[in-house]
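Both complexes shown next keep chain A, but they swap its partner, so chain B is in the first and chain C is in the second.
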Partner chain A sequence: MNKDKRLKKRHAREKRLKFYGITSICIALMMLFTLLSSITLNGYTAMQQAYIPLKIIVPGEKLLNSDGEVDAQKALLFNWDSKVKKAFRTNFPEVKSRSDKKELNRLISSNSGYDVKQFFIKNVDAFDNERVIWITASDDVDQYLKGRFNTNISEEDRRLTNKQLNWIDRMRSEGLVKLKFNKNFFTSADSREPESSGILGAVVGSALTMFVTVLLSLPLAVMASIYLEYFAKPSRLTDFIEVNINNLAAVPSIVFGLLGLSLFLSFFGLPRSVPLVGGMVLALMTIPTVIIATRASIRAVPPSIKDAALGLGASKMQAAFHHVVPLAMPGILTGTIIGIAQALGESAPLLMIGMVAFIIDVPSSFTSPATALPVQIFMWADSAERAFYERSSLAIMFLVVFLIMVNLVAVILRRKFEKKW
Partner chain B sequence: MKNKFETENVVVHYGTKIAIDNISLNIEANNITSLIGPSGCGKSTFLRCLNRMNDTIDGCSVSGKLLLDNEDIYSDEIDPVDLRAKVGMVFQKPNPFPKSIFENIAYGPKIHGLAKSKAELNDIVLQSLERAGLIDEVRDRLHDSATGLSGGQQQRICIARAIAVNPEVILMDEPCSALDPIATAVIEELLDQLSKDFTIVIVTHSMAQAARVSTKTAFFHLGKLVEFGETQKIFTNPEEEKTQNYITGRIG
Partner chain C sequence: MTFLILTFSLIAFSSVSYLVCRNRVLYKIKVTKTASKSLPKHYSQNLLIWSFVPAFILLLLLTIGTPRLLDGLYSERIAEAHPHFSLAEIQLNLSKVKNIVAGAVSSDEDSVNIIAGEFASSSQNFEILKSLSTILLCMLCSIIFIKNIDLSKNARESVENFLQGAFLVAAIFAILTTVAIIVSLSVEAIRFFSLYNFFDFIFGLHWAPNIAIREDQVAAQGSFGMIPVLLGTIVVATIAMFVALPIGLFSAIYLAEFASKPVRDIIKPILEILAGIPTVVYGYFAALTAAPFFRDLGAGLGISVSSESAIAAGSVMGIMIIPFISSLSDDVIRSVPQSLRDGSYGLGATQAETITKVVLPAALPGLVGAFLLAVSRAIGETMIVVMAAGLSAKLTVNPLETVTTVTVQIVSLLTGDTEFDDIKTLSAFGLGLALFTFTLLLNVLALTISRRLAERYD
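What follows is the complex of A and B.
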C-alpha cells in the first residue's frame, strides 16, 4: 500500500517536471514570436517607399561635352534641384505664392535633384527627350501614405500642414504618388534623409569587420588552445593564464572598445572608424570564447587517438594537427561561430573606436571609414524622423538574417568535418 | 640469447606516489615476454617506460637505467619521437584513426619518410596488412573507414599500423582485453608469427594467455617485480609464494 503511494508520488513528480519544462519552452517560444512579429510588423513597411513620377526634359547641349559625355564641371553647375521642383510643380498649376511653392517643394525628397543628376550621368542617351523619372517623396509623405502619420494632433505641431495633406490626397487619387519597392534601402549607405538611406554600407562594413575578426581570432585561439592543452606543463603560470582567459570572456564588451581606443588608435595610430580596427577589437573580444570552446572540443577527442599517433612516433605537433584538431574541428567551428555571432551583434566596442560615424559611402576597403549593422540600427533608432524607425526595424530583420546565415555556414561546415566513429 | 632491453633499478613516480619500485628486468630479443599481475601493479607503467610514453603524463618521473641495445633511452641524446619509431605500441582498446584502412597503415611510414613513392607506400601497406594476417579480409575495402571493422579486426589494424613503421620492438598493453575469444585466438596466433621478426613485450590480465604465448613471464605485485623467469617454470613451479597465490587465483 505504502509502496503504491510512493510510486504514484514519484510518477506525479515526473509529470510535474515535464509540465514545467513544456511550459518554459512555450513561454520562450512566445517571447521569440512576439519579438519577431513586432519587429516584422514595424519593419516590413520599409520595404516600400513613396515615389513620385516626374516628366523631365534635360537639354543635352548644356551638359554634354564634344565627345557626347557628361561634363563633370557643367553637371556640377547645372541647377538640378530647380529642374526637379519645377517639373513637380507642373502638376499643381494653381499654386502661385512663394510660401505655397515652398510648402509644395517639401513633399519631394531634398535629395531628388542629386538622384536625377545621377540618372542622367548614367543614361547619356536620355537627354533632350521627355523622360518619366520616379523620384523619392519626402519621408513625411511616405509615412502619411503608410498610415503612420498622426493627423489628430494640432496643425502647428505636425510636420505636414492641412494644405500639404490635401495635396498628397490629390496626388494619391491621381496616381501622382505611389508606394514602390524601396530600392535605395538595399543599394545605398546612410543618409540624413530617411528616403535616401540604405543598409548596404552597414552590411559591407559588418562583413569586412567580421572577416578581420575571423582571420585574427581563429588561428590565434586555436594555437593558444593547442599550446595550453598539449605543450604547457601545469604550473602556477598556466593556471593564471587559464583563470584569466575565463575572466576575459566575461569582460564587458565596452572595455575592449576602450582598450582598442587607447591601444590601436592612440598608441599605434591606426585610423579611426575603419573595419580593420573594428575587426581587431572584436577579435580581442572573441578570442577567449573561441579558446574555451576549442579547448573543450580538443579535450573531447579520445586521448587514445593522441596516444596512437604518439606511439607511432609522431611528434606532439603532428599528433595535434594530423589527428586531434581535425576531429575537434566541428567543436572548434561551433565555438568560433558563437564568438562571431556575438561579435556581429556587438555595437559598444565599435562606438569607442569611431565606427559610429555618419558615413554616406559604401566602404570599399578595410581602411575606409565604415559602420556596422548594429551601430547603424542604434543610430537610426536614435533619429527623430519617424521613417527611420521602420528602417531600424527592417535593419534588425537583416541582422537576424545575417546571423541565421552565419549559423547555416556553421552547420554546413560541421557536417562536412564531422567523422563517423 | 641477446638482450634487447636491459633495465636496472627503475623507479617511477606519479607526483609523489610511487608506481613502480626498483625494477630490474632484461628482455630478450625476438622473443615474447609477458608481464602479469593484478590491476595497479605497475606492469603497464613499466611497459610505457620502454618507449617513453610516460613522458606524455604530467607529473610522471622515471629514474634508473633503461637500455635499448646498450643505449640509455632516457638520455638527452635520445629523441622520444625517434625511439617510438623503433619501439612501437599497441594499446588496450583498439584505437584506429577515424580514417580509411589505407590511411591508418600509411600514416607511420609517411611521417617517417619510409616510402619514396606512392607505389612503395602501397607495398608497405599491403605487406603490413599481410603480416598482420588481415589482407584477405580487407583487400577490397582498403579505402573504407577503419572504424567500421570489428573489434578484433581493428586491433589487427593497430598491429599492422605498428608493423608498418618497421620497429624492432612491439609493446602490447592488454591487446586482447576488449576482444572476444575467437578474435583473441587469432591475435595470439599472430603474435607467434611476429615473434620471429620482432621483440614483443605484452601486458596481459589473462594468465592463460601469458602461458600460451610467451617464453618469459614477469610477475608484478604492488609496484615490485616478484618473480621473473621461464614461463613454464613460473606457471608450474614458481619460487615465490605470492606468485603461487596469484596464479592459483588466491590474490588478484
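What follows is the complex of A and C.
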C-alpha cells in the first residue's frame, strides 16, 4: 500500500514536470502570438490612407515657358496651397467666416500644395483642363475614418472639433473622402506629416548599410576562421584570439556604437549619420557571430578530406580552398545570413553614430545622411501623432516578414546543401 | 566618390595586367622550353599582391589622410589671415569654408570666399595627386614585376605565405576590436574623471546630468552618481530574468527530454523566430501595448503603476530572452552523455527523477553559464528600455515605478548633436565603460564555466 502511494507520487512528479514544460512552451508561443497580432492589428490599417478628390484647373500660361515646359522659377512663385484650398472649399459653399475656413483647411494635408505641384511638373499636358487629383487628407481625418480617433474626450482636448467631424461625415457620405492604397508609404522618405511619410528612405539606407557590412564582415570573418581552424597552432595568441571572439559576440551592441562614435567619428573624422560608418560599426558587431558559425561549419567537414588532399600533395592552402571551404560553404552562408539578419534589425549602435536624424531625402550614396529601417520604426513610435504609430507598426510588419523570410532561406539552404558525414 | 571610381579603375587595370602576366609566363615557357616552378596563375596572383595591394593601401591611406591634411593646412591659413582668431573661431571659419566649397551656403565676406576658392583648388589638386599616385604605383609595380618574372621561383608558395599572413591579420582583428573598445572607452572616461571625481561617480546616489543654462543656476554642474542608474538596470534585468529563466528552462527541459522529434522540429524554429525579432519591435510592443496594459491592470486593482514602469520594460525584455535561454540550455542538456541517463534508468529512476537528479546537476555549469550570458544580455539591452523605461533616475527597487538604466542614459546623453568636450557627453563614456566592464566580467565568467563543462564530457 505504502509502496503504491510512493510510486503514484513519483509518477505525479513526472507529470508535473511535463506539465511545467508544456505550459512554459505555451506561454512563450502565446507571447509570440500576442506580439505579432498586436502589431498586425495596429499596423494593417496603414496600408490605406484617406484621399480627397479635388477638381483643379491650373492655367498653363502662368507656369509654362516658351518651350512648353514648367518654368522652375514660376512654379516656385505660384501659390499652389491657395489653389488647393480654394478647390477644396468649393465643396463647402456655406463656409464663409475666416475661422471656419481655417478649420476646414486643416482637413487636408499641409503638404498637398507641394504634391499638386509635383503632379503638374510631371504631367505638363494636364494644364488648362479640369483634372481630378486625389490629394492626401490630414492624418487626423485619416485616423477618424479608420475609427482610431477617440471622440469621447471633450472637444477642447481633441485635435478635431465637432464642426470638423460633421464635415468629415458629410464628405464621407458624399464620397468626397475615401480610403485608398497608401502609395506614399512605399515611395517617399520620412516627413513631418504622417500622411506623406514613407519607408523608402529608410529601406535604401538599410540596404546601403548592409552592403558595407557584408563587404567588410564576410571576407574578414572567413579569413579569420580559416586561419584559426587550419593554420593556428595551439598557442597563447590563438587562445587569446578565441577568448576575444567569444567575448565580442556577447558585448552589448551599444558598446559598438560608442566605439564607432569615438573611433570613426571623433578620431578619424568621418561624417555623421552616413551608411558607410553605420555599416562599419555593424560589421564589427557581426564579425564574431559569423566567425563562430563559419568555424563550426569548417569543423564539421571531416578531417579525412583534408588529409586525403594533403596526402596527394596539395598544400595546406589548396586543401582548404579546393576541398574544405567549398564543402563548408552552405554552413558559412547560413551563418552569414543569420549574422546579417541580426545586423539588419539592430538600431542601438546606429543611434550612437547619429543615424537617427530626420532625413527627408532618399539617400543616394554611402556618404549621404541616411537612417535605417529599425531606427525609423523607433523614431515613429516615439513621435506624438497617432498616425505615426500605425506606420511604425506597418514598417515593423515588413521588417519582421523580411527577417523571417531571410532566416527561412538560411534554414532551407542548410537543409538542402548540408551533408551528413 | 573618387574612391569608388579609383577602386574600380585599379581593379580593371589589375585584371588586364593579370592576363598580361599570364601570357608572358606562357610565352616564356614556350621560348625557353623549361617548365615553370608554379602554374601561370600563381605568378599572376603574385603580381596582384605586388601591385594591386600596395596601390589600394596607398589609396586608403590617402583617402583617410587628405581631409585631415587639408584641415590642418587651412586652419593655419585662416590663423594667418586672422591672427586674433581663437581656436574655436578658426574651426568655425573652416567649416564655413568647407560648406561654401560644398555649395551648401554662400558668403559675402571676401576673405572667406578667397580662402574657399583656394581650398577648392587645393582639394582638387589633392584629388588629382591621389588618383595619379595610386594608378602610377599600380602600373609601375606591375611593369617591374612582369619584367622580372623568374620561372624558377616558386610563386605559389609566396602567394600562400602572403594569404596566410593576411588571414592572421584578420584573426588578430578580433583582438584589435577589443583593444579599440577598451582604449576608446577609457580615453573618454579618463577625460570624464578628470572633470568629475571617480568615487563620486561610482558611489554617488544622485544622477542628474543637467547642463547649466545660466552660470548661477543651482546644480549647474549636474551630478553624476551612477548608483540609481545601476539600481534601475538591476531592477529591470531582475524582472526580465524572473520571466525568462523559468519559462526558458522548462521549455528547454521539455524540448530536450520529453518532446518527440516532430514536435521538437516544429517548436524549435518557432522559438527561434522569437529570437530573430529585432529588439526595436519588442520596444514598440513594450511601450505601446505592455505599458498601458500594466497601467490599466494596476488602475483596476487600485495600485498606481507608472506609465513607464520597470515591470513593463522588464517583462517584455524577459520575453525577448526566453529563446536565448531555452536554446542555450537545450544545447547544454543535450550535451550530457546518454550513458548517465541510461545508468539512472537502470537503477529504476523515473524520467523526471533522472532529469532533476542526474541530468540537471551534470549540466549545471552550462546552465549557469547560459544564465550569466542572459543576464549580460539583459543589462546591455538598449532599445526596449529606451522606448519603455523612463529617464528620471530614482533610487528605488519598486518595479511599478519609473526607473532608468545605463543604456537609456547613454542613448539620451549621446543622441542629437554632441560636443566632445562636454561633461555630459563624457559621462556617457563613463557609463559605457562601466557597462562594458560589467558585461565583460559576466561573459568571461560564463565562458569559463561552460568551457569546464565541455571539457568534462568530451
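FYI, the second predicted complex is superposed on the first by the 379 of 421 C-alpha atoms of A that agree within 3 Å, B and C clash if a C-alpha of one lies under 4 Å from a C-alpha of the other, contacts with A are read in each partner's own complex, and residues count from 1 in each chain.
Rule of thumb we're sticking to: a contact is a pair of C-beta atoms (placed from the backbone, for glycine too) under 8 Å apart; a residue touches a chain by one contact, two chains touch by 3 or more.
The model shown is predicted, which means the values in this text are computed figures rather than measured ones.
Touching more residues of chain A than its counterpart among chain B and chain C is C. By the touch criterion defined above, A:Met47 lies against neither chain B nor chain C after alignment on the C-alpha atoms of chain A.
With both structures placed on the common chain, the touch criterion links A:Gly21 to chain C but leaves chain B unconnected.
Using the contact criterion defined above for the overlaid structures, shared-chain residue A:Ile305 touches chain B, although it does not reach chain C.
Applying the stated contact rule after C-alpha superposition, one finds that A:Pro234 touches chain B and leaves chain C untouched. In the superposition on chain A, A:Ser315 makes contact with both chain B and chain C.
Judged by the touch definition given at the top, the superposed model places A:Phe268 against chain C, while chain B stays out of reach. In the superposition on chain A, no contact is made by A:Val95 with either chain B or chain C.
On chain A, the surface patch touched by chain B in one complex and by chain C in the other comprises residues 315.
Interface of chain B with chain A (complex): residues 51, 53, 56, 58-59, 81-85, 88-91, 93, 95-98, 107-108, 111-112, 145, 147, 158, 161-162, 165. Taken together, the chain C residues at the contact with chain A in this complex read 1, 64, 67-68, 71, 156-157, 160, 163-164, 166-168, 170-175, 177-178, 180-181, 184-185, 187-188, 246-251, 253-255, 258, 267, 269-274, 276-285, 287-289, 319, 322-323, 326, 350-353, 355-356, 373, 376-377, 379-383, 386-387, 407, 410-411, 414-415, 418, 420, 428-429, 432, 435-436, 439-440, 443-444, 446-447.
The touching residues of chain A, counted against chain B in their complex, run 233-234, 302, 304-315, 318, 322-323, 327, 419-421. On the side of chain A, the complex with chain C involves touching residues 10-11, 13-14, 16-18, 20-25, 27-29, 31-32, 34-35, 38-39, 42, 219-221, 223-224, 226-228, 231-232, 240-241, 243-248, 250-256, 258-259, 261-263, 266-269, 284, 287-288, 291, 315-317, 341-342, 344-348, 351-352, 354, 356, 365, 374-375, 377-378, 381-382, 389, 392-393, 396, 399-400, 403-404, 407, 411.
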